[in-house]
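Chains: A, B and C, in written order; residue numbering restarts at 1 for each.
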Amino acid sequence: MSLVVKRYIPHAVLVATAFFLAGDTLLLEKTYNDLATSGVKAISIIGSFAVLISITMLSRLHVRRIQRRRTVIESSVLLVCMWATMIWGLFRFAVQGVSPLKEFAVQQVFSGIVSPGDATIYSILAFFIAAAAYRAFRARSIEATILLGSGVIVMLGKAPIGEMIWGYFPVLTTWLTDVPNTAGVRTLILSGIIAVTALYVRIILGYERGWMGRGD
Amino acid sequence: MDVRYMYLLVMIVVSIPLLKPMGLPLGTISVETTRMYQYIDKLPSRSIIVMIADQSPAAAAECQPAMVANIQHAVNKGHRVLFYASRTDAVPFIDDAMKVVLGATSDHPNYGKLYVNLGYIPEGELGLKGLAADVFFTGRDAYGKDLRAMEFFRDLPKKDASDWGLIIYYGASSVDWVVRQITDVYGCKTAGGVAAVLVTRMYPYYPHSIIGFQTGLRGAAEYEVLVKRPGEAAAGMDAQSLSHLAIVIMIIVGNIGYYASRRKPSGGG
Amino acid sequence: MVTVETLTILAGGAMTIALFSYLWRENLAFRIAEHAYIGAAAGYGVLISAEAAWRLLEPFLKAGLWYWYVTAVIGLLYLFFFLPKYFWLYRYPTGLVLGSGIGVLLARALKTQFLEQIRVTTIVTDVNSVLVAVGVICSLFYFYATMEHRGAFRYVSRIGICFLMAAFGVSFGATVMARISLLIGRLKFLYFTDPAYYLIPVAIALLIIGIVLDRRKKEQ
């Protein structure tokens, strides 16, 4: 199939969608705005299908691992959890009209596996941060000392014990968040938005084609 | 030294105040939390507060107590609350928060009059844009009930985000998109019950767009004090204090050890 | 009596302890818990996405607007990601979603995150706002890469670095606070939820057995 269908038309679709929705933000014309809201709904529906990529990729990867006798137990657990949840939940929703929010088994899977799993994986970082703070956090230069000092002040200022140790910790913390933090993060926001705008303009103009993936 | 001893130390330092609370006073309530409380307090009765649940189960430890305290405040003041989730794993937290404060979700007598849960709206910023333009964007709520039949929406003049009194974001990713699509377009101010990792990004928009926010578990504990509903957040502050102190001591000891070893004369002669 | 809710809490406790066991060393229990979480999260995500998509689509289909089925057809084009010969079909839904993100962001971000931020920085009412303005300008000088940082430029840039380092320090302190809060949440669940706390002595016993076996293996 020609490059027109494989490359230029998808690019045109991207540009047309971008301008259509940008126009909705900037123009106040009821018919146009209503059409744009319908467009937003359509794109939201289309975007929901992106999860198909993740489940297909996970299934392919882990079926291959089982076939090669690598991580058989772990991969089997993953596939069983994923497909059992999906099949049961979709059956109850599509055939019996029970929303996943109200489906008992699905909510138990969330409460018993997803929620504790997600929370615990991120909470392990607390240990790593503490260990890294002891082993690697050194005041080797003025900049590092400023970083260390402001980190220590914020940690003590935000904890009730800090105010008990020295009454000015919360005051200093407030000053640090209101002044240098605001200045620093505002700089990052300003420079970040310029970079993002440049990237998006390059995508619209066709110079950036990474989103198209592999192939011609 | 084996790093696992340090992990054990952290575990002990966090566990002891949980098992044997020390009862440390919370201290000064931060200006950001106070301003958020006062803003909600001064909203006219039956104002619409939109609560965006963007917390993953990881961020829920900090954001959920904040959400519960804010719902309690809204209930006390007679405000209307419109919930929605912008990520799939935040959906159950809306139900959980409603059950804690109201005791029920869709079966509550005031559901559909004062409280509505729209469930998950996909595509983040795009979904919020759609909801802001048309409050009936999803057509039905999270439980399948028709939104147009609900008393909640009956007296809204414009049926868009300009009818909203406040939008509160709960989560750990970013709040820029909420300010971009709601505050700057419709004038409805933003507030937050955010995880502490996000709080540094709130200050550039504070106080002109973001009127106030709760910083992690500490902010949630402060709000619980303000609404006089001590809950989960207040119970965790002792452990937070001791662990912060322990990490600060570890940093100081580590630096002392580093500089002491640098001063030692090198061997040989 | 053992109810489903009891089993769910026990599963949550087991997941928590299995994932915490990574702190001792990587082991099969951790890997099983990790894979169970990934699989269940992916499955749950699909269910919620499907329900949300149907809720948006259903009113149009009920009104007889059958052309809205095209959105589902376009969504299914995502699956061509896995077929090299027809990979280009995947670019259509991707173009739509990416284009919508670009349009929605570009129209507003330049005002909110650029012009508005500059406007607010120029509002100088007290010492702190002066310091913020100085900090922003100096930090922007630090990022200016098309000129060599020499002389006065260098000093301005160094002031900017100091502001940025202070901001990163605040971010570090906030991150520590966030992670500790997470840990507190998990430990509260383990210590105070019936019957999850019954798993704690089991976990300690398994840990001791594991340490003893490890030591014997090393000696051998």
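The criterion applied here is as follows: a residue touches a chain if its C-beta (ideal position, glycine included) is under 8 Å from a C-beta of that chain, and two chains touch if they have at least 3 such contacts.
All of these numbers come straight from a predicted model, not from anything done at the bench.
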item	value
Highest C-beta pair count, chain pair	A-C
Centroid comparison with subunit A (C-alpha atoms), farthest chain	B
Centre distance in Å when subunit B and subunit C are each reduced to the mean of their C-alpha atoms	15
Whole-Å gap between the CA centroids of subunit A and subunit C	5
Subunit A: positions in contact with at least two other chains	21, 24-25, 40-41, 43-45, 47-48, 99, 101, 110-111, 114-119, 121-123, 126-127, 129, 133, 148, 151-152, 155, 158-159, 177-178, 181-182, 185-186, 189
Contacts with 2+ other chains: residues of subunit C	23, 41, 44-45, 48-49, 51-53, 56, 97, 100, 104-105, 108-109, 113, 117, 167, 170-171, 174-177, 180, 182-183, 185-186
Multi-chain contact residues (two or more partners), subunit B	7, 10-11, 14, 58, 60-61, 89, 91, 119, 121-123, 126, 129, 144, 176, 185, 196, 199-200, 204, 215-216, 218, 240, 243-244, 247
Subunit B-facing residues of subunit A, complex	21, 24-25, 33, 36-37, 40-41, 43-45, 47-48, 97, 99, 101-102, 107, 110-111, 114-119, 121-123, 126-127, 129-131, 133-135, 137-139, 148, 151-152, 155-156, 158-164, 170, 174, 177-178, 181-182, 185-186, 189
Subunit B to subunit A touching residues, read off their complex	3, 6-7, 9-11, 14, 24-28, 30-31, 56-58, 60-61, 89, 91-92, 95, 119, 121-123, 126-127, 129-130, 133-134, 137, 142-144, 176, 185, 196, 199-201, 203-204, 215-216, 218, 237-238, 240-248, 250-255, 258
Complex interface listing, subunit C residues touching subunit A	4-5, 7-9, 11-13, 15-16, 19-20, 22-23, 28, 31-54, 56-57, 68, 71-72, 74-76, 78-79, 81-82, 84, 87-88, 90-100, 102-110, 113-114, 117-118, 121, 128, 131-136, 139-140, 143, 160-177, 179-180, 182-183, 185-186, 189
Sites on subunit C touched by subunit B in the complex	23-24, 41, 44-45, 48-49, 51-53, 55-56, 58-59, 97, 100-101, 104-105, 108-109, 111-113, 116-117, 120, 167, 170-171, 174-178, 180-188, 191
Contact footprint of subunit C on subunit B as seen in their complex	4, 7, 10-11, 14-15, 18-19, 58, 60-62, 88-89, 91, 119-123, 125-126, 129, 138-140, 144, 172, 176-177, 179-181, 184-185, 195-197, 199-200, 204, 208-209, 215-218, 232, 235-236, 239-240, 243-244, 247
